[in-house]
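Single-structure report; data block below.
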């Protein structure tokens, strides 16, 4: 099977190259780049030398020759490629935000500043969080090519931390708010140099940014609503605050979830352990979610270069607030790895294929 | 004036040495160390060579020869030195937690695992957050030597972010909770090597630790209660979550404060700017608090090696939650710098003396 | 095939676990630890959760049940295990320095402060640098179990940079000296916390250490002599200076090699390119050596988590000095990866088995 | 006295602002910026808030109002400003390379690609390495305004390590070469974002760059020749290799100096200690050079934000090669600090004025 990647020369694209080049179900890659067409990927990324060697071609050539297409382009430019893929009968996995809002064009337009070019495409696109939509993806892909809106990095980490609490009815239904306080490594800013990510400006410093205005806010909100609907619970608004940490990879979300009265049992340890067990049970068949043993705290360093989402569970001493901490590699489970996981589901591969890395501590 | 430092060879102690050695009101230093007595401070810290040169002596010698005594010892071992200083008629500034709880021995015992050795000392000790207690320190020190419980690093950053909101009556009085989500650099762990702070274990990783169990929780709680009392407002419980960031210095606190109904005006920008103005007005005479201009976000890198506390203000789009972000250098405003500030107040020096560093961006 | 690892809980040991757990020829692992016997490896390294799960057993149990034994113990304690392995008929790959000097007990004693316990074992041990000794290892292993002295990290990077120059007769035979100026990441210091590797002491700083006294000096010297002998050239003494860089993984060696008269052609570019071609030709069949294209400079970040040794070639403008820069991951090609490569040779596996990682840029 | 800075918004310029704003002899600053004219420096660098507040003006305004002018512009654009300053009767300290080669226009043209615009200006300019040219600067400035070519960062660190060896006749006069192997922090690349200094491209990696082609090579060579001439010794060519280390500040140079026969006494420790004493004696009156005690190795972290140059001395075990390691803060002694030191000399201030920072370890 030939996998095609449009936008292969960006950071998310290069991670796709890294992962797919060792995927047992992928026989070859077709790499596309608008700006670097004609170059070799291993000249752009000399770390690939002797392992990966492909020319960068025009996006159209990618679609023409691929059995599945990944798009790692910026927001707002990929719809035409999605259409071309579908027309050709090939599934399309989009790592940008273009297909994350399905029919809700208004939210997309509000936050991303442009309307849909092909609104029809969005009526059947699927939000590619496998822990939420695996079955929908599987079913849809069984009968026709699909468009997957691959989730954002923060929304992935946030949603996986909130999902079991919503599903199990732990979340206070009253006038409550979920707070997602998150930190990201700097690869999240992409490959193009800019002042905020210039080494001397961000090294050895921890900062907050885009308070209340980060585009992942509506995506997290939407996921909470979807999940609440799915389990017949009331939705809860979210406040999302991103921070920048002086490291390359990783996202850590500390999620404050107000507990429904009584569940916290005034802060008893056993109530907290029970909640931990609920989380562990909820995710017991998930190949990439690790509910950490009591006493082990989530750390981005432990999921480095892996598709894992680590989760540690705590509760305040009054039993009113659950604090769930999730850690992912923003470039893997937060981008390229999750895209490969979606491909595995679409293609009926083992979901772990190409994603079986053993995380190194350092 | 001779300033004495007990525990001069630890990280906080060495910062005191650095700051006091250039303080215009300090003619000489007396340095004490239990474990390294007999060595020279510049052999322990060769960065001091050609600038600072003092022998490390027994703590008793320090008290005997000093006009003011700083103690940068671990928790639980400094009370006797405080007593000796007071008996000698000399003020004592303690950077440990021993004098941060004044008469509330129970809280101290619960969280630090030991009773007070000299309970009487704690009836007149003063919590050394100048922005809260400047006048009390000044008045007390005018008539007798004082004991200062120098605040913890997280409580300093948290309390300065909450104080104006409490004083101005912005905080929702209902069944609300303040959340302090914080990240610290690794110098906060002190000079003694341990696995958590071993470079390969913490570099390039962001992690959460001591969720719900960090000893700064009761100190923050106590500060909120004190501040609420001071301004005749109801107190609000706090949830505090510390994280470890891969950098040397700095603490950043993101503080979520539920707003009293109406104040947020459904998220209008003007309401938010008004709150920002309240903060700016509240701190307008404070030499070390900078309420940042709109659009400038707090970052630890901008207060490096300075005694500043930077504050940026935001509000969620519904106007229900204020998010205040504060940044300090944990070793300066969070420890040694604040201790020097307290000395300046006690000694009637200009409060900026020895603390006039211009922060470098890198 | 069962692979056993003694000292599995150290950093080099844990890298062996990571690499061998995904090796297609290894059916199971047996892990040994003297200090942590009884624990599970995934409790010591929670990054392994859901991927690797093994108890830590006594070293003797490892030897009893394994088809090949790796030892990642400190220097000076592994000889008895080597003997036990050989007695049992199983090859032994030692990552310590104990078997790097073969019959030259005097050098070992001088630099490591102890004599050989079992001198006989050292008469047939082989220095495990495949690029130098592949055939010797293959031949010996074909008829009997072998002991491999797995090279040190610096000597690996240094020797691979010098080998072609020696083999091709480029090195000035006169009164010349080769200088190896090298920098290492901090995992090279191992898992036990100590002040030099305490985050605040080494982060954001670059330093020199053990000038002229690092134990890898005699190992590099010995390799140069061996290589010179092999190719019938005079040996050249080496000066080796290690530095500590604020990063986790990686070694970069900048190697200054005085050129034999005439070869440098007064600094002509074509002479330099010719030398580059000699290097490329010399290593053309090596699976893990990449002579970089002209214009691409060696960087440790490009070999991260891989078994590659990258080499870039330059010459001074007078054509008198060749400067060869080599980059490896100190934990992979400099330790565990090279050990696996040696196992592959011994066991007649494809030499790339378990070592086919595609390096990520970050 | 009013100090003017042209190019105040770059990194070196902002360090000048930081240092000069606390200089007791400087009453006010005039800041110039071509690209940011009209903005306030504290808006460009919010770390300056509450400490430093100046508008950025046109360069011409700076010269018109200043008693001394610093230029921190890129290479090749400052000569006209130097001329204007001199015409106005005011000394000019240029941090670019434009005045580092004095009358040797050919070398400048070869390496910097342009001729001198005002050749006459270069006949009396002085290379501003105080340890070499203090008296020349003092004498010249006593009678007329001067132009100072402030040294490059690498040449400063390299020259200070080589100077005593040359002066004391330690350097082998034969067919020998001095090797300067150096590593720099990333602020050396300046404020403008570019791919090489984009956080994910350089963090957690150590790399070599511009081997044999860095523009500091001719400057180091020239310094060696000047120093050799000064002391009546033969000059020695240099090979210079710069590396990039993942840190903000600092340069460390490891300098290999072939010893004149006999001096090394076959590697005896006493010969090495004697050389160390020669270095210490040579620099005994220098306010900013610290020859480190035996056993203390140079580290950039120990000179952070200070004007010190630390030097540690070693010798190979055969006594043939001296290895001198020097560490400076590239932004201070390697740029702005040295410029202030030159101003102090010109203005007859205490040479330590404004440069009395006590370096922090972290």
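A, B, C and D label the chains in the order they appear, each numbered from 1.
Just so it is clear, a residue touches a chain if its C-beta (ideal position, glycine included) is under 8 Å from a C-beta of that chain, and two chains touch if they have at least 3 such contacts.
Since this is a predicted model, take the numbers as computed values, not measurements.
Chain centres here are means of the Cα atoms, and by that rule the chain farthest away from chain C is B.
Across the two candidate interfaces, C-D and A-C, the one carrying more C-beta contacts is C-D. Centre to centre, using the average C-alpha position, chain C and chain D are separated by 38 Å. The centroid of the Cα atoms in chain A and the matching centroid in chain C are 37 Å apart.
Within chain B, the positions touching two or more other chains are listed as 11, 187, 200, 202-204, 246-249, 301-302, 304, 361-362. Residues of chain C that touch chain B in their complex: 11, 186-187, 191, 193-195, 197-200, 202-204, 246-248. Those residues of chain A that touch chain C in the complex are listed here as 11, 14-15, 17-18, 21-22, 43, 45-52, 187, 203-204, 248-249, 290, 292-293, 296, 301-305, 308, 331, 356, 358-362.
Residues of chain D touching chain C in their complex: 177, 179, 181, 183, 185, 200-209, 211-212, 237, 239, 241, 243, 245-250, 252, 254, 256, 297-302, 304, 312, 314-318, 320-321, 323, 325, 327, 361-362.
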